[in-house]
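Here's a structure for you.
Read from first to last, the chains carry the letters A, B, C and D; within each, the first residue is number 1.
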Amino acid sequence: MTAQLDPAAAAEVVNARHENAGCVDAGVLFIEAAQLVEAVEALRDDEATDLIFLCNLTAVDRERHFELVYHLQSLDLNHILQLKVIVTDREDPAVPSLTGVFHGAHLQEREVFDLFGIRFDGHPDLRRLFLWDGFPGYPLRKDFLQMPGQVRAGLPGFPHEGEQNAWPVPGSVPQRPLHPNDPQSSGIAVSEDEPAEADA
Amino acid sequence: MSSFGFHLAFWLLAAMTVGGASMIIVSRNLIHAVIYLVISMLGVAGLYLTLSADFIAVVQVLIYVGAISVLMLFAIMLTPRAERNNTETSLKLPAAAVMVLILTATVFVALDTDWGAVRQAALADQARLIGQSLIREYVLPFEIGAVLLTAALVGAIALARHDDEDAAIHAQSLQAEADGTAEDVALLTDPPLVEVEADAGAGEDGGS
Amino acid sequence: MSGFDLAVVLGAWYDFRDLNNLSRLITEWIADWGPDWLSSIVTGLLGSLGILAVIGPTLLVLIWVERKVIARFQQRYGPNRVGPKGLLQPVADAIKLILKEQLAPRAADKLIFFLPPVLIFVPGLLIWGVLPFGPRMSVADLNVGVLFLLAVSGTGVLVLFMAGWSSNNKYALFGAMRAVAMSISYEVPMVLALLTLVVFSGTMSVNGIVEWQQQEDVIFILLFPLSAIAFFFAASAELNRTPADISEAESEIVAGYHTEYSGMRFGLFYAVELGNTLVISAFIATFFLGGWWLWGLDQWVPSWIILLAKTGAVYFLLIWTRGTLPRLRIDQLMSFCWKALVPATLIFVAVAAVERTLLVTQGWDTTIALPIMAVINIALTLGAVMLFARLARSERLRRPARTTLVRDRVGGLAAAREVASQAGGGD
Amino acid sequence: MTSADDTRSALSGTIETLAGDGSEPVVVNLGPQHPSTHGVFRLKVTLDGEIVQDAEMRIGYLHRSMEKLAEERTYTQNIPFTDRIDYLAAMSNNLAYCLAAEELLGVEVPPRGQAIRVLFAELQRVASHAMANGTFINDCGAWHTPLFYMFRDRERVLDMFEMTCGARLTTNYMRIGGVAFDLPDELLPTLRSFLDDMPDRIASYEDLLMENEILHARARGIGVISPEMAINSSLSGPILRATGVPWDLRKANPYCGYENYEFDIPVGEQGDCFDRFLVRMAEVKQSLRILNQLIDNIPDGPWLADVPLHARPPEGEAYARVESPRGELGFYLVSDGSPAPYRFHCRPPSLINLSALKEMSIGGTLADAIVTLGSIDIVVGEIDR
């Protein structure tokens, strides 16, 4: 049976590498965002923790802040550790990328970036994973429907409806024509105005 | 052979040959030029047929249409796109001069030949006769030709075996070393595509 | 069979044993009043029409046969809705294909794009011309028939290249390049395999080769099995059948050179592919299985029926390989061609030359010498195949195909090392 | 990890020199409409001749924003979504999700429910591996024959699904606290005849495929990945086991009473495509072993615990995972005390197994890249969700 690694023990390992990098609160290990890479590297390389397998990487929008959740697993010692990173900046949330420690973080970080808009500093190829460049907003945020330019099928409308560009839009809308001979087609472009009109 | 059918075939084939050849000159697209070249060569093969030279006609199709033109297409495809068009070059005048010389020589030879020999009955079983004369009377030129083609084949392999492949294989072995599976990847050094194509053409010529 | 007087029907137009009779009678009739050239043209036309009339319906049946046989391999029913036993399915398919829209990519090279579906028919039909359906039954019994076959089949690749290049599609271009590379490579073992027959029988006429087999009472597959194998594999490579169908490898490059062809244009490619398969089966049957001759049975059964039966057997073999084997990679196919087939067939050309010289110069009795040579050649073939199998199975392939079963150990790298060492010790 | 880093930098250096000498690399889009991408998956490969220089995947064509939709629905209403995540292993997905919800709610599943869950999870593994192996051989170029052979077995499994829950593909069978329906009377006889037939069938597949020289030539030494790299890339399931790492969540973290069944973890030796195929074949046999132990020992009793339809789990979070046919399938649920999950996250093995696709394909030929992709056994529904 996979054991839960004692967060306190893990915190000791982390703090041995860097003072006050991790703390335990209500049975959960929290890591300072700035020391994340070092901390995870320590947890991976320490023989007692041996957390060499990144099971899961995701985020939770707690409305006031973002919580990044990492599940790390040791295969030989068969224990798992959940650790969290708190990001408070909602306008431009950013955490260091784990791609240097775990190659498997590559796609999962792109997914979180795509759906939450959390930037992973140091990620070699941070682009949207599922949605196209220029998709307005980040769907898994709790305030997604208040972001501009959303499709609001079946919903009556929202307080900020009609306001333009109140929210940062990642990337630009691709204006590449589909075919060189066809200047009319403009690729898969999303107009910011159309959905509101379509609803009206 | 009655004269009408013979003349009809001759003029049609001649038109095909000369028309194809002229279109090669006119065409700007090199791929189109090769296609016209094929048409021209098919016309030549047809002319051989009207002269009852089955063997030469078939060999013309086999080598020129089936192999040489394909090799030309390959050469064109492997050339960078920018240098692929049939544009103006500074070699235009020398080329024209050479062509005029060759044409003059051909016409001269044509006028000088005794065409009466052609009116004799066609040789039966030409293939056997050609084979026998190649192996008996002309065995030395035949062998020299074979050696020349073999040398060309070896040279083509040497040219085609570019550093690119070595680099790719090197990358493979690096990956393999990193993964600890070095011996597995050694097999990827099988001959890559380009080399084999060079082989194929030369082999085709050598075989015939 | 002998219930009626054979002499009455012999040579008459309704003598179905020799389909040539009809055309010969018509030609003679024209020669009575018309000019020479007219009768030649009429002969050619009649031959082409006859061949078209035979292979057109045959193709429709063949599509049904192939689909049905493959379905049986795959434990399915195959087409069984349209017509009795699904026999009309190919007709329905053809109607569907004709009705479909003919699309052309906007950036395609228009002329060269439209030509290949038509041009591809030319070599496909020309090859039939030298195929002997019976002792006197070929449209043109050229004395360089073997060369003609190779020359004409070699030009088909040019059409494939035109199709692939003009589509302006990367899949199509890849397919065309692969088709060309394959074709010019596999032509070499094909030529060499046929060269053994030509050297041994001393004729380049296709009918001559059949007559030689008839005269010596032996079929070439017994005398030169390796040439037969090499020719079969080279032919299936030229025909783009699995395991060598890389130029239209569905899982890699979608449909290869005919990716961009839709509707009946695709249908023409498909029909020619099937027709080529049929004609190559017929030539394999002719060269290696005795063609229209079968130890005297051709006295009783029309020769062309014997040929069709043999063709069907070879065709079934082609379907069988297609239904069973995965596809090889292009570099593997190339190295198989140049490293295995070409040397082996080359050696057999030499063997054939030596044996032929012995036969001619020593004046041996062929009824005794040929069986001995057959045994020697079969032994040589087996040796060559086994040598190849030994050499080709590299270290990588010789490792056992097995997994280690782990019962009580779960873990990561340490456990993996432990398992590997135990498995290694257990060998 | 340093070795892999070195490899990558060495590889990128090579690519630069390759591109610098005037040759034109060709970029080919495999997909989103392509016979071998098993759905709408797009792989952009840069080719030098036939050699792959770079492989980049573009996904999202099947993105249905399930994680967002699930936040609006109750825990029970979310079960049908999990069917559609991995539509080739719907039972496993149901199971993983229900385990996570049960962990949140603190529900005990009755023994009969547990046994039925194991039964269907293993049947699902047989069906999914049949599909994976069949399409893998197809990607190697076989003309559908092995695929149809294996589809026969899959059909029989799906028939059993149908007689139990009425659906063949998207089963929606598991519930929080057990399973939706009891086993029908005719299921166990059907299952028994299936189990009787399967050893012969597997033997025939092994005769057809295991010693097939062409298959060896195509899949041996292709798409090789080392155990270190596999673990570092978070690969799981048959791909990880093919590298020799005996990691199976059914053993490592038994759920639903897997500790009571006797089975082995098949591991490969080299971590190439052929080993993945072998591991899947062997896993089918192990699943049949489990089913043979199970079939006579299904306990009586209730199959569903008493869980309210609009259950309100206490605030908290749960991460539950199962060994799905494709690897570690996890569900991370966060509850805020309302009847709908506050956060619903699926750890998709198909997506994460693609992490090393680029590393596995570079340097091989285009055909090898296809075989590698086929051996990873992706389900686009699960990648995109």
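To be clear about the criterion, a contact is a pair of C-beta atoms (placed from the backbone, for glycine too) under 8 Å apart; a residue touches a chain by one contact, two chains touch by 3 or more.
On a predicted model such as this, the values are computed, not experimentally measured, just so you know.
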Selected interface, B-C versus A-D, where C-beta contact pairs are more numerous: B-C
Chain whose Cα centroid lies at the greatest distance from that of chain C: A
Centre distance in Å when chain B and chain C are each reduced to the mean of their C-alpha atoms: 26
Gap in Å, rounded to a whole number, between the CA centres of chain C and chain A: 58
Centre distance in Å when chain C and chain D are each reduced to the mean of their C-alpha atoms: 42
Sequence positions of chain B contacting 2 or more other chains: 184, 187, 192-193
Multi-partner residues of chain A (at least 2 other chains): 52-53, 75, 78
Of all residues in chain D, the ones touching two or more other chains: 4, 50, 220-221, 229, 231, 245, 247, 252, 270
Complex interface listing, chain A residues touching chain C: 50, 52-53, 74-76, 78, 179, 181
Parts of chain C lying in touch with chain A, wherever the complex brings them together: 106, 410-415
Of chain D, residues touching chain A in the complex: 1, 4, 59-60, 63, 65, 67-68, 229, 231-235, 245, 247, 252-254, 317, 319, 321, 328, 330, 332, 334, 342-343, 345, 347, 351-352, 354-356, 384-385
Residues on chain C engaged by chain D in the complex (per definition of touch): 70, 73-76, 170-171, 174, 242-243, 245-246, 249-254, 322-332, 392-393, 396-397, 399, 401-407, 409-413, 415-416, 419-420, 423
Partner chain D, residues of chain A touching it in the complex: 1-2, 52-56, 58, 60-61, 69, 71, 75, 78, 82, 101-108, 111, 115, 128-132, 139-140, 144
